[in-house]
Amino acid sequence: MLIEFNNEVKGYVIMSAYFYLAKMKLLVFLSYRFEVFTSLGTNLIVVLANIYLWKAAYKGIDSVAGVKETQMLTYTIMSTLLASFFSVNIEHALQERITHGDIAIDFFRPISILLKYLAEDIGIAISSILSKLMPLLVIMTVFVQPPVPDSPMAFVLFLLSAVFSFLILWLISALISLLCFWVLQLGEMKTVKDGIVLLLSGKIIPLWLFPKKIQRMIEILPFQYVYQTPLSIYIGKVQPEQAIVPMLIQFAWILLFTSLLCFGWSRARKRVLVQGG
Amino acid sequence: MAFLEVENLVKEFTVTKKKEGLKGAVSSLFHPEKYKVRAVDNISFNIEQGEIVGFIGPNGAGKSTAVKMMTGILHPTMGSVKINGISPHKNRKAVVGKLGVVFGQRTQLYWDLRLGETFELLKRIYKIDDKMYKDNIKMLDEVLNITEIIDTPVRQLSLGQRMRGDLAAAMLHSPTMLFLDEPTIGLDIEAKHSIRNFIKQINERCGTTVILTTHDLGDVEELCKRLIVINHGKIVEDGPLNSIIERMAPYRYLVVELASPHHNLFHPAAEVVKTETLRVWFKFDKSRIAATELISDLSKTYPIRDVSVKEPDIEDMIMEIYKKPVIF
Amino acid sequence: MLENVKYYISVALYYFKLSLQKQFEYPAMIISCVFMIPMMYGTGILLLYFMVHNFQPLGGWSFPQLAFLFGIGYLSHGLMMVFSVQNWWIESYVLRGEFDRMLLRPLSVFFQFTVTYINFIGLVDVLVGLTIFLYSCKLINFVWSLHNIITIAFVIIGGVLIRSSIFTIFCSVAFWTKRSESLFLLLNDMLERTTQYPMTIYPYFVQFMLTFIVPIAFISFYPACEILGKDGRIVFPLEMSVYTPIIGIVMFILANMFFNLGLKKYESAGS
């Protein structure tokens, strides 16, 4: 009886520890008022430039690959909103701890360091709803067009798919930062990854504009499931009844990456504990 | 005209206040609250060529800010600085070419490269000709053993070695004045010793005027004939070390060794500050009671084997400064 | 005078040597940049290609013309990355009090700041830009006459000066606000989007602002308009490409003044 009670308390304490971490990140972020405004400005510039680019491309053309101009503008706006929401800092944080040798301490903490970083990243993501996503959404709605989903069902599926996307992106980053245990000074793997995601995820150019052969090659990779899958569902390029397949693939990627991460993490742990960092 | 003249120097900083909690964070986003802080508050003094002057005071007293204004890094809010008659704020380039500056917490050396690379760069920046460069390296080698570390990348140097490198870098162009901000911070005894020796040597050999800020009382005792004590941005004391101690700590200690243990020792004009089994420390004000009088009073009532009088040291003086209330 | 120039050059060259040595201490950084940079900018040019291919010429600019515009803009971007990437760090220089060191040396701080770092990795950008530029030159049958070569050279030098100066001016804001690193990213995105696409796809007031307030349009748009014979909406007397280097020099002087103004506000934080 006593043990059960203790576990419950412990569970509560740990949960609130994660909650606290997430809240702290939110507070820290809000205190950077300059960054709040400049990142809004950056996002605005990027999204407006893309919008004018697509408008110039669609001038006098009704639809390309079954996508109309308003759908494409919605795609671009939503892509920027998603990007402002997806914040992943695990690589940077973990690399710092590994190079300074602090990681050995983390293995003995009651809360898992990986979950700690996930909690922090979620905290930042939530704070960016307030500081980045909402202002952008309002400005877009007033000055460009409201990014309306294709149907209520599309919206619901989009939300779920976007959460999957966040997890896939986060897991990719976590796996890359895990490499740090073996290759110190991995340096700028993060920027290489960012470059690949930029090109192959459909974040800027939807993959249906690529030549067919290249499209088929990209489909094997996980990247298009980060941006293109939720966005296509949102604008109705992929109808809700067709959405189940890509979403299952998203889920499969999450399972695969999670198991890889767990495996890699236990190897890393052994490596650190045996060699002492 | 003194070599360094500081007149009514004031520096104010604007600080933004952070509000607490989530609500505070959001409100600071739009209405940040600001207020002013005076880091240096109207200080004036002169320093003659060839002096070694110690700047002391607690953390945040304004020492570093004052040094940064004297070297031209910071512009004063009010007041003026003149080195050899020239203001470093109006004619920076003319003044700093003759200054050497070392910040103990920071380095001017290139972290990733060998120490010699920084020297080579400085040689070009300060237009040091080959002969002067060679002579200076030779001189610096004698006092700092610089050739022993000149080919090591800076990041591989120990703290003490790095400080030797920084001091050498500051002396390469034979400055007439050297500013040292906590040069011995974090160093071990041996490294401290070699750095103090260096300061003494260059002062004697090259006649370099030295201003150093420090928390290390050893530095002050060994090097400085004159002290400037700063607290809360103001000069509290300025003068020779001995007379400052005299003024700040106008008391003596009488250490009494008893023949047998005795409790509740008492004297109306002195205060017991410390007791060991057979030893008792009395603190007394020498203007109220002479040492001889105190000894004879005590020996009448207590079994005394031996007595000694102890002068207050610099540590006692510093404690006095910290205790002193601030008058605005 | 000559003595002085020699002095400045010898100091600058030694700074360049030190930055080169420093960068070779971090080979992983170099390797990843060699991969990443072509990818980042490959995305930009691919986007244009797919758009023209799947849709139509953008604002009347065919793909070869767009590539030419992109190439000129990207070349000056690459050179800016080589010579003045340190604008990015003004914020951390201010926060960590790194200007102390420069203020203590008997040389202009702006000069020291300008030469203090040469980002040799930026040469990858230059190389990518050069490839795109030369490729587009082939596509549009660019005539390699002496006049055209000199024009391009002046346009690129002017473009580098305009870019660097804009960064210096905006990043110097850190002297007052203690923050500007994120401004660098904002400006970088803005410059990218406004020098790689024809201005005519944007509303008139945007082009007006980018011509008369922040003269970004002179970096690549107006020169490309002239060389390709396109309509630039706003018409100036004289050859368009004359303006780029002149505006570049004016901007550089302004940047120097603004930087020095900021330096007076420098608070030397950090210790």
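Residue numbering begins at 1 within each chain, and the chains themselves are lettered A, B and C in the order written.
In the analysis below, a residue touches a chain if its C-beta (ideal position, glycine included) is under 8 Å from a C-beta of that chain, and two chains touch if they have at least 3 such contacts.
Note that the structure is predicted; figures quoted are calculated from it, not measured.
Of all chains, the one whose CA centroid is most distant from that of chain B is A. The central chain of the assembly on a C-alpha centroid basis is C.
Centroids of chain B and chain C (each the mean of its C-alpha atoms) stand 46 Å apart. Centre-to-centre, using mean CA coordinates, chain A is 31 Å away from chain C. A straight line joining the Cα centres of chain A and chain B is 52 Å long. Multi-chain contact residues of chain C, defined as those touching 2 or more other chains: none present. With touch defined as above, chain A holds no residue shared between interfaces to two or more other chains. Residue ranges on chain A touching chain C, taken from their complex, read 32, 34-35, 38-39, 41-42, 45-46, 49, 52-53, 55-61, 64-65, 185-189, 191-192, 194-196, 198-199, 204-205, 209-210. Listed in rising order, the residues of chain B touching chain C in the complex are 13, 64, 68, 71-75, 92-94, 96-97, 99, 101, 103, 105-106, 108, 110, 112-113, 117, 120-121, 124-127, 181.
The touching residues of chain C, counted against chain A in their complex, run 26, 28-29, 31-33, 35-36, 39-40, 42-43, 46-47, 50-51, 53-56, 58-59, 177, 179-180, 182-183, 185-186, 189-190, 193-194, 197, 201-203. Listed in rising order, the residues of chain C touching chain B in the complex are 7, 10-11, 14-15, 18, 21-22, 25, 97, 99-101, 103-108, 264, 266-268, 270-271.
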